[in-house]
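Got some structures for you, see below.
One chain, chain A, links the two complexes that follow: it is found with chain B in the first and with chain C in the second.
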Partner chain A sequence: MTANLATEVRPGRRRRATGSTSATQRSIYPTWFLLPAAVLYVVFFAVPTFASFYFSLTRWTLFDTEFIGLENYVQFFSEPQLSRGFVNTLIYGFVTSGAKVVLGLALAVLLTSQLVGRGYLRSVVFFPVLVSTIGVGITFKALLDPFDGVVNTMLAAFGIDGPGWFTDPNQALLTIAAVDIWKGLGIATLIYIAGIVAIPQEYYEAARVDGAGRWQQFRSITLPLVQPATATVIILSLIGGLRSFDLIWATTGGGPGFTSDVIGSVIYKQYQAGFYGLSTAGNVILFLVVTAVMVPISMLLNRKEVER
Partner chain B sequence: MRRTGSWAVGITAILVSVVVFIVPFAFIFLTAAKDASDASRLQFSWPQEWTFVENLTEVLTTRDGIVVRAFVNSTILTVVSVVVMVILAAMVGYLVQRRRSRLNPVINFFVLAGLIVPPAVVPTIWVLQQTGLFKTMPGLILIEATFGLSFCILLFRAFVATIPRELDEAAIIDGAGPLRLFFAVILPLLRPVIITVVVVQAVAVFNDFTNPLYFLPGDENATVQLTLYNFQSQMVSQFNLLFMDILLITVPPLVMYIFFNRQIVAGMTSGAVKG
Partner chain C sequence: MSRALRHRAAVAAVAVPLLVLAGCSSSGGDDAGPTEITFLTTQDAPNPETAEALVEAFEAENPDVSVSVEIRPGGTEGDNLVKTRLSTGEMADVFFYNSGSLLQALNPDSSLVDLSDQEWVGSLTEEFTPVVSTDNGLYGAPLGASFAGGVVYNKPLYEELGLTVPETWDEFMANNEKIAAEGDGVAPVIQTYGETWTSQLFVLGDFANVLAVDPEWADQYTAHQRSYAEEPALLGFQHHQEVAEAGFFNEDFPSATFPDGARMVAEGEGVHYPMLSSVIQTVLQNTPDAVDDLGFFALPAEDAEHTQATIWQPNALYIPQSTEGPELEAAKEFVAFANSEAGCDVQNEMLPPAGPYAGTCEVLDSAPPLLDDIQAYFDEGRTANALEFLSPVKGPNLEKVTVEVGSGIRSAEDAAAFYDKDVESQAKQLGLEGW
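So, the complex of A and B:
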């Protein structure tokens, strides 16, 4: 029944369409299929995102707003406990992303070679990805306890005075980054494994015939040909790293002091304290940071791919 | 010569992996089996006394069984939000792939924006309050579903491309309307990618901490992750119970991983080859 109607209904729309096929398409594939998802997206994502630009310029109690211009932003960058979060976000994002690229690629090369226990190694590297971030945070807080923790006890057995990890202001952020890498390395490795497996074996055979060593094969075949995987790993880990909040909140809560605060934790702290305008300004800053980092990087990565 | 080399590398890798990856998990398990004073020493050691069952019952009964309630809440949250997410995203992915329209670039832009842009927290709370959904389970379900849409749409769009269009035409000729076509013909064919999406998103929603923290605070609706976070300050002297809770929370993702290993890997690595 619908099939008969399909070519006939909506003549008005059909005029705009380029041919009868797209009019048919319209009724087999009705536009309202987009509607439920669009409603959710607009109400719970687009509206808050656009509203955030306005609310970040106000002193806001959720019930009434007072327009104060850029004051929230000025405060964000003039108070060290807030601006520290900005710097830390960038450090955290780039350290975790860089480490995941390097270690992920190295592990993937290892795990695609002929190796004993390859299946076991793949599962064991991947499993932390599935574990609750809060659980991981609590576990590492116990393992890295400066006095009784397993790690420092073992280091002491070798005569090394272990650092304070989460409690040392200079190391807290990097310690969290290390735990993040531990937890997220599995995804990076898997993505690289998928990329490496897709490279035709003939290339390696040809290179071997030409007398290329292992390192040369890696440099001239693997590295350029896993570029799409590298792009995926960099983009995914940067998005995750710049937005990170839960691991930091579960381990140090931004401490000691505010030395391991990132924008994500500043947003939460200001929200808890009732400074909704300031919290939202933090959100807008995070949005700008993520876009400013992601847009050039993804353009660069995509261009490289096209050139090749 | 080469073979012995790879054996040495393999064995080294296994040893390193035991220290780096197995020890933390063994630590969780062993601590969860200790009694309170033994656990408080934070040592990586065999329990002096196995109190695994006692710890389990104590965690499950603590504070009127809040852990059990949290598991129920998390299960409802995960199941409903993933179902909503999957159906809505499949409809969009299907439509965007099938129909060449001027809307498509716009949709693609919004899908990418949904992946990259961090959600604005307080304005979202404001929207939830306006709609009367703040601090309610349906509110959080809709939030989780919305935030997961983009990722799902990308996967569905790629997969729909592998289903031949002739099938749609045949179904239409046989008298199916657009709804029947989608739900009776297309959706069943999407099974492999649906499994992938369901598993990946179920783990993500189940493990989510940030969204429940913001949008569903309060004890009666607490999810497992919130309960675990709160235990951290409430059970300072009871590490055995804290780690028993971690162990319990790790079981559902572990079960998922054992059964759907391949699908999880497929979902997480999609895009690795084609970028």
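So, the complex of A and C:
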């Protein structure tokens, strides 16, 4: 049965493969149309990026810079809070990304089924994405205040002693991750809905004729065919998670102490302290870390796509 | 449409909005009204109120100058903003900022206007002058009085429980024991980690005691010859841990804020608040009836003969080099006004002194009684400046480390070693010898 399904699914992919071969045609627009975009890209992206590589090699105070070679990098790696921040960054990135994949897919399956108020529910799931991250952070900080917050007050009404949320060193990071998941889930769900809707209904009809149950349909049709969507969700949310900073800063500021620090907040604190060269070196390192994590993952995901 | 015509149309399409914009901007300017300057202060009460009162009094005397007040956040967030605005040349014409090591980090020689030729300079105390100066000039005028770091305590509760002001650390802990046992749920020690800077007092407020044991400590620290990981400086961290482990803190210490702490000690929800004595200004704003209930004692050392009060020099007003011409003259007048008789009246009213003044102003009899407790340490010669006025080395993460000690996340020894590591970045940034 599953073997049958697998052979049936193949033509769909072949169709996509043939579609992509016609892109070699010459463009009808002159090349200099690229110029405005290229100028903006060079001025606002390429120049600052390469300048930051240089400034990461200097001791940069307010008014002058002094070239000091790789000393900032040595200093950055000897920062005592870095190891914690490094581990936290990975935990945060993988927890939020994993949860968004699982929950996003589950919600997308739910929201593509025949459901009362489906359009409304889709909007509700997407709304948190539209709210400013700082606003979300401040709101949750108030809601989850361990003593006066709405959540713990309600828990207390049921006789439950609510946890410290953002103030408990063992829970702070996971609480922030949960808020991040709540906020970012809408994007993941949206991508998955698009992926599921694009699956031709014929496969499901054929599977039902063959007597496949709901779970089997999900397992053998939906799951393999939303693979491109999964790859997109993983890559987007993992990059977002590894670079995350704003939500953490708005809720705990990396605290209590350093317990919810990530690389992003360590860098920001150095910048605040006026160590501009050092924090630029940190950003170069963050760039390399994100690249080192993402390139293999994205190659793996893309290879899977090509192989199938 | 010919090619030339099309080109001309395109030029016109770009140029017209620009002309309109130019028209807008020229209509607003050059009528000879009052000189307009800006004054940047911090957001915590009572600083914005003080700024407004000062500006109002200044404008009454100087109708040809108009001052607008700007507000910035405090703490490291504020440091960041001040540095950024200075380096981009967009600083307000007069700004209010710390003296001592934080001022040195602004690189005053190349960013601020030298004020050493001003009249009020002669009145400055010899403790204050160096903390707003470099070898090349004097840059700041004091606003507000000096203040002490130690324990602000609730006097009615002390009487009720029959306690006396402790002179040694053991006496302090014995008082805490008694409050915990007989105080009817009152917190012996108030901590407010909702604002992390408030967690540093056990360490920073202990510094005068360190100096009493080792008078060379600050200079040796700058030269990288002393560290917090060794006694006597380590004791500040250890005391903090001891109080935390004994469970003497208020229940909501992880999320309480500075105004919460001020309210708790004023209204008797807690007895001891290790804090800067300037907390009295917040109390005066929020719970004015309780001002007379508060007293102050220095953080006790192990040994009574080493117990001294740690003193913070006042913050100051500065003028950036980006201010020039008539604005510079107006800014200098404004700074001078803050230390004139009328300016001192505003200071006494809005920033009730929690320590002696550093300039022309004089303490009034109506000053809060807590001031007498601090003055007693001065009279006995048992005071020393805080470390940030004696050494430029101050790490950015002390407030996080002390939160960890107080929350039981990190041991005192570990925290002290961590902080020693943390200050290395600052020392290297300043290019100090020996780091």
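The rule is short, and it goes like this: the second predicted complex is superposed on the first by the 277 of 308 C-alpha atoms of A that agree within 3 Å, B and C clash if a C-alpha of one lies under 4 Å from a C-alpha of the other, contacts with A are read in each partner's own complex, and residues count from 1 in each chain.
Convention: a contact is a pair of C-beta atoms (placed from the backbone, for glycine too) under 8 Å apart; a residue touches a chain by one contact, two chains touch by 3 or more.
Computed from a prediction, not measured in an experiment: that's the story for all the values here.
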- Query: Is A:Ala273 in contact with chain B, with chain C, with both, or with neither (first, second, both, neither)?
  - Reply: second
- Message: Looking at A:Gly240 after the superposition, I want to know if it touches chain B, chain C, both of them or none. Which is it: first, second, both, neither?
- Response: neither
- Check whether A:Pro163 is in contact with chain B, with chain C, with both or with neither, and answer first, second, both or neither. neither
- Message: If you tally the residues of chain A touched by each partner, is the higher count for chain B or for chain C?
- Response: B
- Task: Would you check which partner chain A:Gly257 touches, where first means chain B only, second means chain C only, and both and neither mean what they say?
- Result: second
- Message: After the superposition on A, what does A:Asp145 contact: first (chain B), second (chain C), both or neither?
- Response: both
- Go through chain A and flag every residue that touches chain B in one model and chain C in the other. 62, 145, 271
- Which of the residues in chain A end up touching chain C in this complex? 59, 61-63, 66, 71, 75, 78-81, 145-147, 164, 166-169, 253-259, 269-275, 278
- Footprint of chain A on chain C - complex, ascending: 76-77, 79-80, 83, 86-87, 105-107, 110-111, 193, 196, 251-252, 254-255, 396-397, 400-401, 403-404, 407, 409-410, 418, 421-422, 424-426, 428-429, 431
- Item | Residue ranges of chain B touching chain A (in the complex, touch as defined) | 6-7, 9-11, 13-14, 17, 20-25, 27-28, 31, 41-44, 88-89, 91-92, 94-95, 98-101, 103, 107, 110, 114-127, 129, 131, 142-143, 145-147, 149, 153, 168, 172-173, 175-178, 181-182, 203, 206-207, 209-210, 213-214, 224-225, 228-229, 232, 239, 242-243, 246, 249-250, 253-254, 256-257, 261, 264-265, 268-269, 271-275
- Task: Sort out for me which residues of chain A touch chain B in the complex.
- Result: 1-3, 6, 22, 25-31, 33-34, 36-37, 40-41, 43-49, 51-52, 55, 60, 62, 110, 113-118, 120-121, 123-135, 138-140, 142-143, 145, 148-150, 153, 182, 187, 190-195, 198, 227-229, 231-232, 239, 242-243, 245-246, 249-250, 264, 267-268, 271, 276, 279-280, 283-284, 286-287, 290-291, 294, 302, 305
